[in-house]
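Quick notes on the structure that follows.
As written, the chains take the letters A, B, C and D, and residue 1 is the first residue of each chain.
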Amino acid sequence: MSADAPAPVKKTNRLNLDVSSYRGGKTTLCAGCGHNAISERIIDAFFEMGVDPKRVIKLSGIGCSSKSPAYFLNPSHGFNSVHGRMPSVATGAMLANQSLLAIGVSGDGDSGAIGIGQFVHSMRRNLPLIYIIEDNGCYGLTKGQFSPTADLGSKAKNGVVNDLPPIDMCALAVELGASFVARSFSGDKKQLLSILKAAIAHKGTSMIDVISPCVTFNDHEGSTKSYAYVKDHEEPLGEISFIPFFEDISVEYEPGTSTQVKMHDGSHLTLRKITEDYNPSDKITAMRLLHESLRRGEFATGVIYIEPDKDDFITTLNLVPEPLAFLPQDRVRPSKAVLEQLMDGLS
Amino acid sequence: MSADAPAPVKKTNRLNLDVSSYRGGKTTLCAGCGHNAISERIIDAFFEMGVDPKRVIKLSGIGCSSKSPAYFLNPSHGFNSVHGRMPSVATGAMLANQSLLAIGVSGDGDSGAIGIGQFVHSMRRNLPLIYIIEDNGCYGLTKGQFSPTADLGSKAKNGVVNDLPPIDMCALAVELGASFVARSFSGDKKQLLSILKAAIAHKGTSMIDVISPCVTFNDHEGSTKSYAYVKDHEEPLGEISFIPFFEDISVEYEPGTSTQVKMHDGSHLTLRKITEDYNPSDKITAMRLLHESLRRGEFATGVIYIEPDKDDFITTLNLVPEPLAFLPQDRVRPSKAVLEQLMDGLS
Amino acid sequence: MSSTLPAPAPQPTQASSSVTNDFSIQVATVNGSGSQTANLVLLRSIFQMGIPVSGKNLFPSNIAGLPTWYTIRANHRGYIARKKEIDFLVAMNPETAKDDVMSLEPGRAVVYDEPLKLDTLRSDLTFYPVPFDKIVAEVCSEAKLRRLVKNMIYDGILSELLSIDLAEMAKALTRQMGKKPKALALNLAALEGGKKYAAEHLTKRDPYRVAPLDKTAGQVLVEGNAAAAMGCLFAGVTVVAWYPITPSSSLPESLISYMRKYRMDKDTGKATFAIVQAEDEIASLGMVIGASWAGARAMTSTSGPGISLMSEFVGLAYYAEIPAVIFDIQRVGPSTGLPTRTAQGDVLFTALNSHGDTRHVLLLPGSAEECFDMSIDAFDLSEQLQTPVFVLSDLDLGMNNWMSKPFTYPEKPLQRGKVLDQEKLKTLEGWGRYKDVDGDGVPWRSVPGTGMPAFFTRGSGHNAMAQYSEKPDDYVSNLDRLAHKFDTARTMVPAPIVQQDAKASVGIIAYGSSHWAVEESRDQLREQSDLATSYLRLRAYPFTPEIDDFIRRHDRIYVVEQNRDAQMLSLLRMDSDPTLVVRLRSVLHYNGLPIDARSITDSILAQEKVG
Amino acid sequence: MSSTLPAPAPQPTQASSSVTNDFSIQVATVNGSGSQTANLVLLRSIFQMGIPVSGKNLFPSNIAGLPTWYTIRANHRGYIARKKEIDFLVAMNPETAKDDVMSLEPGRAVVYDEPLKLDTLRSDLTFYPVPFDKIVAEVCSEAKLRRLVKNMIYDGILSELLSIDLAEMAKALTRQMGKKPKALALNLAALEGGKKYAAEHLTKRDPYRVAPLDKTAGQVLVEGNAAAAMGCLFAGVTVVAWYPITPSSSLPESLISYMRKYRMDKDTGKATFAIVQAEDEIASLGMVIGASWAGARAMTSTSGPGISLMSEFVGLAYYAEIPAVIFDIQRVGPSTGLPTRTAQGDVLFTALNSHGDTRHVLLLPGSAEECFDMSIDAFDLSEQLQTPVFVLSDLDLGMNNWMSKPFTYPEKPLQRGKVLDQEKLKTLEGWGRYKDVDGDGVPWRSVPGTGMPAFFTRGSGHNAMAQYSEKPDDYVSNLDRLAHKFDTARTMVPAPIVQQDAKASVGIIAYGSSHWAVEESRDQLREQSDLATSYLRLRAYPFTPEIDDFIRRHDRIYVVEQNRDAQMLSLLRMDSDPTLVVRLRSVLHYNGLPIDARSITDSILAQEKVG
């Protein structure tokens, strides 16, 4: 099945779970908040990919965005940590149990301001983590102050004007070595769903910056994070579709007009090109694309950079395949002989 | 005078100060440490530019590199702050008194690890600050652990191998909007001196990443931060020379073979090109250069990116020209009438 | 303080036919529904009628759609602490209406949205059903505006039921919406619509009413954070670095609007200040330290989580002796705790903040007026002592509306402390940054850009001349001088305010926003249990000698505070004369709501019984 | 502990012709000069001869070129605390030689580099000039190696002058350089060269000498940080996240080498552990919290500045009830203070760490052996209590070489605490993450990936079922349970060790590395001032009942600690029976050097005089 034929058609997925096993608690976010739409897509993606929710962990920092893990995947353990530190908590959890599938939800303030340090270093490590930034250019939960992704010159309700250029989280991620970098829009159901599904199949860090309008504080005229603006100014890299490894890919195959990226788990990501040759596996191309669309006041959306075979952090650390958390005592406490040997060395 | 005719020829500079007014305390760093060479160049640069040392403030974080401000410019106030936080302290000081000239010295651990968050945001603000990273790929002061600029695969004395790709501080700085980004080598007297002099003339943030071998912990075979390695692998962008505004520029003028950058204060930076057309004012070009030389295991040295007229943070904040620190009471405490007006509004 | 109020009059009891100017109103809505205007109009109109009043907003940690309660208390004796019992409920929120009604004491009154059918729930309450949608439809044609206007209707209803002068409501409304004539007209219509409906359809059956009084003349209504921001404005702050966090944000945000209005240079139109929203709290304090080091008056404002992050820098500022004014608008811990609930939980953490041996000056404002005054004190003390000063406010004091005397203009000029200049330099033979030339432990500082001798600023690795030193004796003498400086601070901080009752063997010690409940509780203790009490209100740390004296004068001391761990009591145990420690007892309130008098009274009486 | 030592023998006095096995040697060099090997050989050879010995390295905060002092103390009674007076000086550092010599007591001895001409400085010392360069030239042809070999020469000299068996030195040297035959040969030659020179040119004129004893049989020499690392190895730690900082780094770095040696999976050669050098301390603790939350045994190690940065996360872990083992190898504050000086200055800051109401478990190792044992206890307690546990060591204990009994293999299996599984789930009707089903305040936790019911982890904004709640009652009951859990901790932490002297009216309370100086001081007090003392050594916070009992049994209690602010005394004042507080007095040592017995003795005697 492809993103073109949306989930609802099927009643249950390959685990015979229906979509309700992927839903979460009732949202406490504002009606119309982009974050809610993203939660919906996350539910669809995990459902359609047939991921066992008990294998999933949901982590976040603090913010409206960081509240959202409570609104999807109820059967999964969740951790609403502290502001800007989701990446370190996710890192620890994955080191403890590599068999988990981690999705981290953060905000542009959470990741771009206080959390930029952990953002930088987690991108560098290529930890197995789906890292979603719900990007609304403001601090929603604290009532709309500018975040580091706010537009230069945009004006807040209290009349304060933002006088600093925005940080492009995608450009940073590419520069720092993330192996899957994408940008989408909370309102673009089809694209966001395909990207999320590809991210689930990806092995290392998938950093997805999702423009997600804050209808309460940052949906005003002239804000490039407003719903209206993004609708007009997004520049899709072309159609994206994703075929999980367990599905027949032939249907989607349209040679010539598309690049195919074979994912780590054997599934395929197809980018059907509309613009000039775009090669998502070249950093310089990715950077140029981001800089140029920024100059044009546009958002390039889609999968911007991908390096499917890059070693993830678990591989780099050469860990035993079993979860470290559950290793039995005899594998983690050396024998008495070892202690004696150590003592001899000191006597 | 140009960097080709080095300082010692002159006895005193335009302030009639001799070089001793620019020296610092006796170094406590290891003999042969790259950081010492950098201190020497800083002394020369401020002396040759005829900067009044009483106008200068020296700031740093913590590390061997961060100790070095004690070893130059004794007549200047210095602040050895906490690990990774030099940028915020420098920001506060410059906001308090914009008439000061701030030089911040940091290390690759200080700025690349714990301090990467403040690094990112200070680059973004384009604060008037000469930001020097004395880059040795390790934590010298804590005895040689890897820093985030350490080479992938390099081996520390205790046998631990670095398994993460290095962060390119110059690429980050360019991406984040620093208006003057350069790279040099502690051993390259002539180039480093010209770059420092240009930085002194520059208006916003000048970020200079200086490869500075740690002879005690990171000078071994195969370290790209070792003296030997850098000597072989640096790829200068071409000759650089700098002409302060108060000196006759005609002598240096060599049309055709060089780009001239007119600095904010009217002085000129000349890049004589040896390689293909290099345009230091284009971000994409700068990024490509950095990525490609990295791939080749080389360091591109010289001025990598420059945007001389970008507004600095003081301008952005629209501050009165006088130092805020010294404004008299009548300019900072509103009148009794104002208080009454405020009280009426509340009664 | 109520010490400035007239002698207590007997409290009216439920029995009596009418309860005038002594009851509480609770409006239960959902946040984001725009009830704020209606609630403020209600508050102000009662205030304008001369009745002492207070308003407390109990809001959730999200932006829209969750339950919010706004409680207004009117009290002729001037009690403005939270009242535990609700007398008059306005039930607008379907989600909580049932619980709200069930939790009332018998005899109370309820205005509710008719469709909720609350009257079936209990027979011992007075119910007033109101068809809000019907009324709103009549006064407001545009459907999408109705949600907002709806709230103004209950103001109209209450105007009729509680005899709140409609003219005062109109006046209060006008001052808020003056600039938006269309909205104003609409809301005025809603007000009248509500009043009209009540007059025609509801018959008054509850005892609560307001009657004009003269107890608010000359007073103002203000939030503590706004008061503190004004204090900073008049303290001549020049560099502000902050990071948003509830309940602190409204302090720097108010400050921004005041500064943009009153601190732009007349001639050039340029700013005589720099306000930076930093990337986090660590950077905020770093900027403050850098600015203070370079001679500016600098501050930051945050809440508990920010204090935790600032700890390393706080220690540096203490040892390097750099001024820094830090506002901590306290909320309950930890970071993903309840950001919209109040507490006094950072007392120990701020007093002892950072690793190593440290002690910090705390200022403890107990009123909006003190939020203003102590903001100015904070800058003076911080520069005079060359050390960080924490101003400990809290969510209740900072974000709620408080009745207050108008603030008095600071007559004392800015106290910039010992900043080295040419003359001073001459008088000192051989200046040293950390030399105690005056015997008060406070050295003379040289500021960059003044032409004064330079020095290299570091933590504790220095001698009196600010040269790097690892010598044990240099370290000890520096630490001892810092301790001595803290004793100097003891002589400079605001003294406690003592209300001594000659015949009292029981003393109460409290601080900050607990003050108002303590005042009321003391009246309750005296009038209802005739227990006489003396009262000492702490206003600062380090403790001044008055405190031990006060303890000495009483057999039992109750330390009242809003935290679980008796944090101020712990500091008192640490610092007081050891022989007095046995007299100290504790009254604790830590459920996240502002403390109320009844809880204090009950706790003290219970402990007094046990003896 | 000296309680395990034979009955005290009279101490030899300077007068007596010879002072055997009771003196201190100080080697003054510059760091980076490679003197470490020579000093360790000196230390080990004396140790191998059966004489109790300790070595303390007093080093600067840089890498090379600054003065360093290494002091070795040999003492037949087993006193291994720092000795204040230096008896035998080896002056190799021109920069400090003069001061070093001038600070000696009369009658002491000095070996010095001949060109320094120190003998002219004083006439009341015994001087031994040695032409090091001349000797080194003879034994080492390669000029560039001489700098390193030079140090071995003074070992040879001392072997002759102090009658230290050269064979033992050779043995000690071999065990260090065994793998580098060339270097070994060279250094052996230097040793002999030195001894030969001394034998031929120096005549013994000082009283100090060592003679074989049997007091070190079966003992080991080890650094506290290495001991703690071994503890973590045997505690079965699986996730380690750290950031380098002196004096902590050697703990994780020793751990890395042990883990790579003993914790690689036999069959696959893969790691049964993950050790991450994080970008900073905040990330380090974040990773530890994430790992513990996911069920791993996780730890970090740092020093004061790191603790400051971790404060926010510590509070989260306390409220969210997540295990975390945090080693704090204390140094003096603040961050740019003296990173290479020792202190016990983080006691209050760790016990009360983070904003809001918090209390943390502290373990206080007093010996290398306890560094090992308590590392294991820390993981057990942290998982059993589901809360952070701090292990407070310090630079002296962590980085210096200590004589110790060999460590005993842990018989008790890993205590993983209340981790929910299928059986348990059945027995609980309706599991709730924060339900106190066992009455000890410790709830059952569900770990992701185990198939157990999921929950959403947050700070304090939750009810017993881990659902989001802002209800006042939920908040209070959660806080009260956490307080109750801390009382449970009280029953589980290591009890203090008490040495009761029936006739003592004076008690001493101490902890951590102060222990050894206290042991010695008690002998001094008894023998020289015949003041009998009892002694309680604290080993953990929260305090157990034994402590109040101990205080009750004595009129005056001296709390000995290495900080300025009497931090443990403050905690005792906060937590003890108020009637006992008057008995508490303080003995403080905070000059950055390890505490010594004489300072304690003098301070106690002085206070006893005043009475």
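The rule is simple: contacts are C-beta pairs under 8 Å (C-beta built on N, C-alpha and C of every residue); 3 or more make two chains touch, one makes a residue touch a chain.
Keep in mind that this is a model prediction, so the values were computed, not measured.
Engineer: Check A-C against A-D and say which one is joined by more contacting C-beta pairs.
Structural biologist: Comparing A-C with A-D, the pair joined by more C-beta contacts is A-D.
Engineer: If you take the mean of the Cα atoms for each chain, which one ends up farthest from chain B?
Structural biologist: C
Engineer: Which integer distance in Å separates the CA centroid of chain A from that of chain C?
Structural biologist: 41
Engineer: From the mean C-alpha coordinate of chain A to that of chain B, what's the distance rounded to whole Å?
Structural biologist: Between these chains, centre-to-centre, one finds 35 Å.
Engineer: Using CA atom averages as chain centres, what separation in Å is found between chain B and chain C?
Structural biologist: 44
Engineer: Listing for chain A: what residues touch at least two other chains?
Structural biologist: Correct list: 80-82, 113-114, 116-117, 120-121, 148, 317.
Engineer: Counting only residues that touch at least two other chains, what does the list for chain C look like?
Structural biologist: Residues 60-61, 279-280, 305, 312, 316, 334-336, 458-459.
Engineer: Show me the residue ranges of chain A that touch chain B in the complex, using the header's touch definition.
Structural biologist: 113-117, 120-121, 124-125, 148, 163-165, 167-168, 171-172, 175-177, 283-284, 287-288, 291, 316-317
Engineer: Considering the complex alone, what residue numbers of chain D touch chain A?
Structural biologist: 218-222, 230, 233-239, 241, 258, 262-263, 265, 268, 270-274, 276, 278-280, 282-298, 312-313, 316, 406-407, 409-410, 413-414, 446-449, 451, 454-458, 468
Engineer: For the complex, give me every residue of chain A touching chain C.
Structural biologist: 28-31, 62, 64, 67, 80-84, 113-114, 116, 139-143, 145-146, 148, 158-160, 216
Engineer: What part of chain A is in contact with chain D in the complex they form?
Structural biologist: 54-55, 57, 59, 69-70, 74-82, 85, 87-97, 99-100, 117-118, 120-121, 317-321, 323-327, 329, 331-334, 336, 338-339, 342-343, 346-347
Engineer: Please name which positions on chain C make contact with chain D in the complex.
Structural biologist: Residues in contact with chain D: 60-61, 303-305, 307-309, 311-312, 314-316, 318-320, 332-338, 340-341, 343, 345-346, 348-349, 352-359, 458-461, 470, 472-473, 475-476, 479-480, 483, 563-565, 567, 570, 573-574, 578-579, 581-582, 584, 590-593.
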